Amino acid sequence: MYLFQCDYNKMCHPAVLAKLNESENLSMVGYGKDDACAVAAEMIRNLCDAKDAYVHFLSGGTQTNLTVIAASLRPYQAVVAAESGHISEHETGAIEATGHKVITLPPEEGKISAKQVKDIVELHYTPTGPGPEHTPQPKLVYISMSTEMGTVYSLAELEEISAVCKAYGLFLYVDGARLGYALASKGNDVTLKDLARLCDAFYIGGTKQGAMFGEAVVITNPLIASDFRYMIKQRGGMLAKGWLMGLQFVALLEDDLYFKISARANEMADRIRETIKAAGFALTAVNPTNQVFAIMPDVVLDELSKSFMFTEWCRIDAQNRLVRFCTSWATCESDVDMLCAAIRHFGKGD
Amino acid sequence: MYLFQCDYNKMCHPAVLAKLNESENLSMVGYGKDDACAVAAEMIRNLCDAKDAYVHFLSGGTQTNLTVIAASLRPYQAVVAAESGHISEHETGAIEATGHKVITLPPEEGKISAKQVKDIVELHYTPTGPGPEHTPQPKLVYISMSTEMGTVYSLAELEEISAVCKAYGLFLYVDGARLGYALASKGNDVTLKDLARLCDAFYIGGTKQGAMFGEAVVITNPLIASDFRYMIKQRGGMLAKGWLMGLQFVALLEDDLYFKISARANEMADRIRETIKAAGFALTAVNPTNQVFAIMPDVVLDELSKSFMFTEWCRIDAQNRLVRFCTSWATCESDVDMLCAAIRHFGKGD
Amino acid sequence: MYLFQCDYNKMCHPAVLAKLNESENLSMVGYGKDDACAVAAEMIRNLCDAKDAYVHFLSGGTQTNLTVIAASLRPYQAVVAAESGHISEHETGAIEATGHKVITLPPEEGKISAKQVKDIVELHYTPTGPGPEHTPQPKLVYISMSTEMGTVYSLAELEEISAVCKAYGLFLYVDGARLGYALASKGNDVTLKDLARLCDAFYIGGTKQGAMFGEAVVITNPLIASDFRYMIKQRGGMLAKGWLMGLQFVALLEDDLYFKISARANEMADRIRETIKAAGFALTAVNPTNQVFAIMPDVVLDELSKSFMFTEWCRIDAQNRLVRFCTSWATCESDVDMLCAAIRHFGKGD
Amino acid sequence: MYLFQCDYNKMCHPAVLAKLNESENLSMVGYGKDDACAVAAEMIRNLCDAKDAYVHFLSGGTQTNLTVIAASLRPYQAVVAAESGHISEHETGAIEATGHKVITLPPEEGKISAKQVKDIVELHYTPTGPGPEHTPQPKLVYISMSTEMGTVYSLAELEEISAVCKAYGLFLYVDGARLGYALASKGNDVTLKDLARLCDAFYIGGTKQGAMFGEAVVITNPLIASDFRYMIKQRGGMLAKGWLMGLQFVALLEDDLYFKISARANEMADRIRETIKAAGFALTAVNPTNQVFAIMPDVVLDELSKSFMFTEWCRIDAQNRLVRFCTSWATCESDVDMLCAAIRHFGKGD
């Protein structure tokens, strides 16, 4: 079986495992106050050109999202996010469980716009009803980079969203579960420095980017950063052996490994995209990152599924389904060859 | 100034105030364990033909909604409601503040359908993603009677929604802030007995129906009812002098006053609706209850607003706005005469 | 039956009911944005000599406590309170339901001291364990005036507690469910002005002080006050007919009625206290307010209970129980005569 | 420096790392639905003689405690725990952040008794105040095995606590962060089978017992178990690469490794305890597990701290402090030799 169903089906990049192995006998201070976390945090601050940024390591994406958001909001404040956002759709109401509403906006290919944010905030402050205090107050904009559809915000888009947030006193937070794939993608013009400059907080994903587990949160706004370790501990995200995450991020960030493996995964995805297109099938949410979304006939997908794992997204019509092929650092070039050959074989022009 | 802006701008129906005055010197047991609440509860059980129903009195609608919903759900469970539902739009995220997501459905004239409920529940249990536990579990359906648009569910519609809820193990809860207007409306075929039979919980609104304050919750499902007094106390809804609400409901339910004043308010609204239609203006969400929704030109509304209070709903286009005229037990017939005359005066056919 | 079981067993002071009756036909703006609330708020600001204070009216004590505290704290912050505090003992975990721990201190006759507060805060910041972030951060001190035992903080005690709070960045909040009894008590040297000067927030109780319902929250710290109406709405404390509370407070504050009826209730309680002492029974938590705590033999209490209602507090030993006799604006002098005569009759020296 | 400060300062037992290394190239299903978790769960069910038990793997202790407790309780229900319990003292109010009060009992050497539980529950149901609904309802008893003081509940004690819980309808939950040390300790008569039989839920700690991270929750009560994966996901405890925990528990449970390394750590601690006693210093909370609590003079501790790391617990008096020496699978026998020699050297009899 060839595996294209997700980017978290293998343990970790060999360099990560090697780093853990070579650190086996170290004795470390607990709860993230160790040297490995300090080194990784400093590497990240340098990459972000943000020497005052606060960097913390949490165990997973949902954990990170709920902790940052709970730390940012007063009880009556709400998050603004795309309907397709991970917090909106796939975290079992984790944000609502911290007490906050997620106000959703209809996205275009996974992305929301500065204008949408502006409109929803203005609607809140000029309601037709009895007053703004009868609706939750929008206070934090959540976007993902790359998005659930694999798309990437341009620098101009980010600048605009950030400007609206600043104008209206909102926080901007970027979910970076797949940040490497976004930043290493062709045509991308956003850097870590831009994120540190434009956002109040964001995270550099580890789990889907070559680590065993772990996400690195970068907080540039002291209002969110203050007492953040209390929040991590209270929400259950503070690992006793926090240095495990520090070590993994050191391994991933050394020699730009994080970006190199992301770029390679994107290239593998590009090959799949081109093959699908050439074979006459439709792509949706065409994007430059590691997720390929294709609409293909049931008969083709049923054949493909005998040898290849991919993810069902939704049914399009009686004969066609939308599916996702996903690459990662672990994707073998030969597997991609096999997949592309199969797609060509079943292609409409074949 | 003639008042049509809402149904809660006067203190209370004279019979309610009289009942309070005559009870001034009574000494009562605190926290709703008094005789007046017991009598009112028994009157309600009789009206509902539900001798085992649990009846409690809470101070307001948001309080009631959040207390019932928090009592009904485990942490990962969600409410299903219309996008225009009061809990979705006008309670400052009160439900989310109890930890629960409100999954919204696009309503038709304020109402959602059994099919919409069925579809959203089936979608939850047959997801295309990694499994249902990655999304909140729909567990309680919230509808309003009458709805935010003044419309009324038919008995057939309620039966269907209730059947879907039972089939999938969901609770059905009806927000009855304006229940009297709904039940007393022309063409309505739903009774309190039906609500008690088809719902797990609902409330009989007092605040917008002639009381100073207070809503009577009727719970027929013991899973929600058990320990409900703990919930009321914890959420701040247990008035020390709970008998004040018992007395008010006794006054409202004696001699069918509740339904009589609702019917009269509906008639006043009917007159306004007919006048608007005859004057050539458009009605939206045409309904048989005490809220009249009309689309009228700015020039007309600006003139009307010099003598009449009404509620701005939203802008329709460059020249027209949607507004609401609201009647209640307190609406004077002569005020309606004045309003109708003015509308006729500004009417298109004038 | 003569009633001494609580201070909320009668509807309201006649002046309050009169005020409501004379306002029956007024038409008012909803949700507390009316003139009556504005007038009452201004009266309170004047009494407090705090022209910038924010004043809001909520429906009950638990509602008020949970709303103020939820508005004041970030998720990992905790309240410091006496073990016997109302929020610690008698609100069904309402504060915990907002997500916050109540750290309790052993009180002396219902009161906690500045030193206790200082010690618990210093313990937090110099822990022996892995770091302060492993325990909730004390952030708000909750005290009651009068306390659950009827005792009253002196101005010196309040000044000290306030100084500690300021030194360590904590909020000071005073639960004033029985504030009138405290401020009108013999020997009291605290004024509303002092409370406004020393606290970040406090409330002037209505329910137990002659109103039907309603508490007036005074917030002097803008950090707590900002967006407070969102908090009231979200937690269900915003009555549609908020003016009912404004009217009641106007009635209570006119001509110092609030303090006059409190002083009279205290005098009634003083007579009971003196009689109990003279009769040879023990008083505990001797206090100058409307609650009398006495230890009396079962045989006496069983006889008294045939004609008088009082509250059981706890068993002291095999023969004696602690009970509470409570007075209020509604207590008749002749009832006190009867009670005192009965106590003398059963007195040890009889 | 010789390390006795905690049991989580080394990465993991070599067998655990070996198991991860040999699994490097496996491709696994995400979110804990993999074969390794299935195998580990089956091993645990067998060890517990509980073929129907539900077993889940979570990332850490606080995460586990808050998830199990939130899954078990309705909003007004509370936990009963020792004042020294981990949830009471060292989890930043994580339980309160889920909305629930922790009712604390004064422990004896870290343990609470069946009688204490019985008394607090009976007090709740026969209050002297206005009714039980004014206080949170005790519903879950939380104990630790071993306790924070290293002590161990006997089988008889557990049977009694369990019987009280069953009689009053309470859940019994055991925090097993150091369960191996407890079960492998001299004189212990409790088995995993007993825990499965007597508790509604408990967890087998990994983090402090040789794993990198991860705790195995065993739930025998279907009321808690139902939909538990929703709870894990919502609270952020569901690792994408859940199999990492399955693999680690397989490694720890093979050939009884978990119990063997626990027994050895206990023996090391026994040697330290005997040495301290022989040297004339006082032990407190004498226990048979891996934590040694000793009261020693400042002058001795200051000398010891030059070569040995240990944990400060609290000051006893002007000259003495209570400290903790902790052993684990990673403790070297030669380090223990050095520590014992040093203690003997500074001993009172020296």
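Note that the chains are named A, B, C and D in the order they appear, and that numbering of residues resets to 1 at the start of each chain.
As a convention for this text, a residue touches a chain if its C-beta (ideal position, glycine included) is under 8 Å from a C-beta of that chain, and two chains touch if they have at least 3 such contacts.
Remember, it's a predicted structure, so these values are computed and weren't measured experimentally.
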Counterpart interface for A-C, drawn from A-B, B-D or B-C and sharing over half of its contact pairs: B-D
Relative to chain C, chain with the most remote C-alpha centre: A
Chain centre separation in whole Å, for chain D relative to chain A (CA means): 34
Rounded Å distance between chain C and chain D, as computed from the means of their C-alpha atoms: 41
Centroid distance [mean C-alpha coordinates] between chain D and chain B, Å: 50
Interface hub residues of chain B, defined as touching at least two other chains: 30, 75-76, 91-93, 97-99, 130, 133-134, 136, 230, 233-234
Contacting residues of chain C [partner chain A, same complex]: 30-31, 33, 70-71, 74-76, 98-99, 130-134, 136-137, 227, 229-234
List of chain D residues in touch with chain C within their complex: 75-76, 78, 89-93, 96-102, 128-130, 133-136, 311-314
Chain C-facing residues of chain B, complex: 3, 6, 8-12, 14, 17, 20-21, 23-30, 59-64, 66-67, 91-94, 97, 207-208, 212-213, 230, 233-241, 244
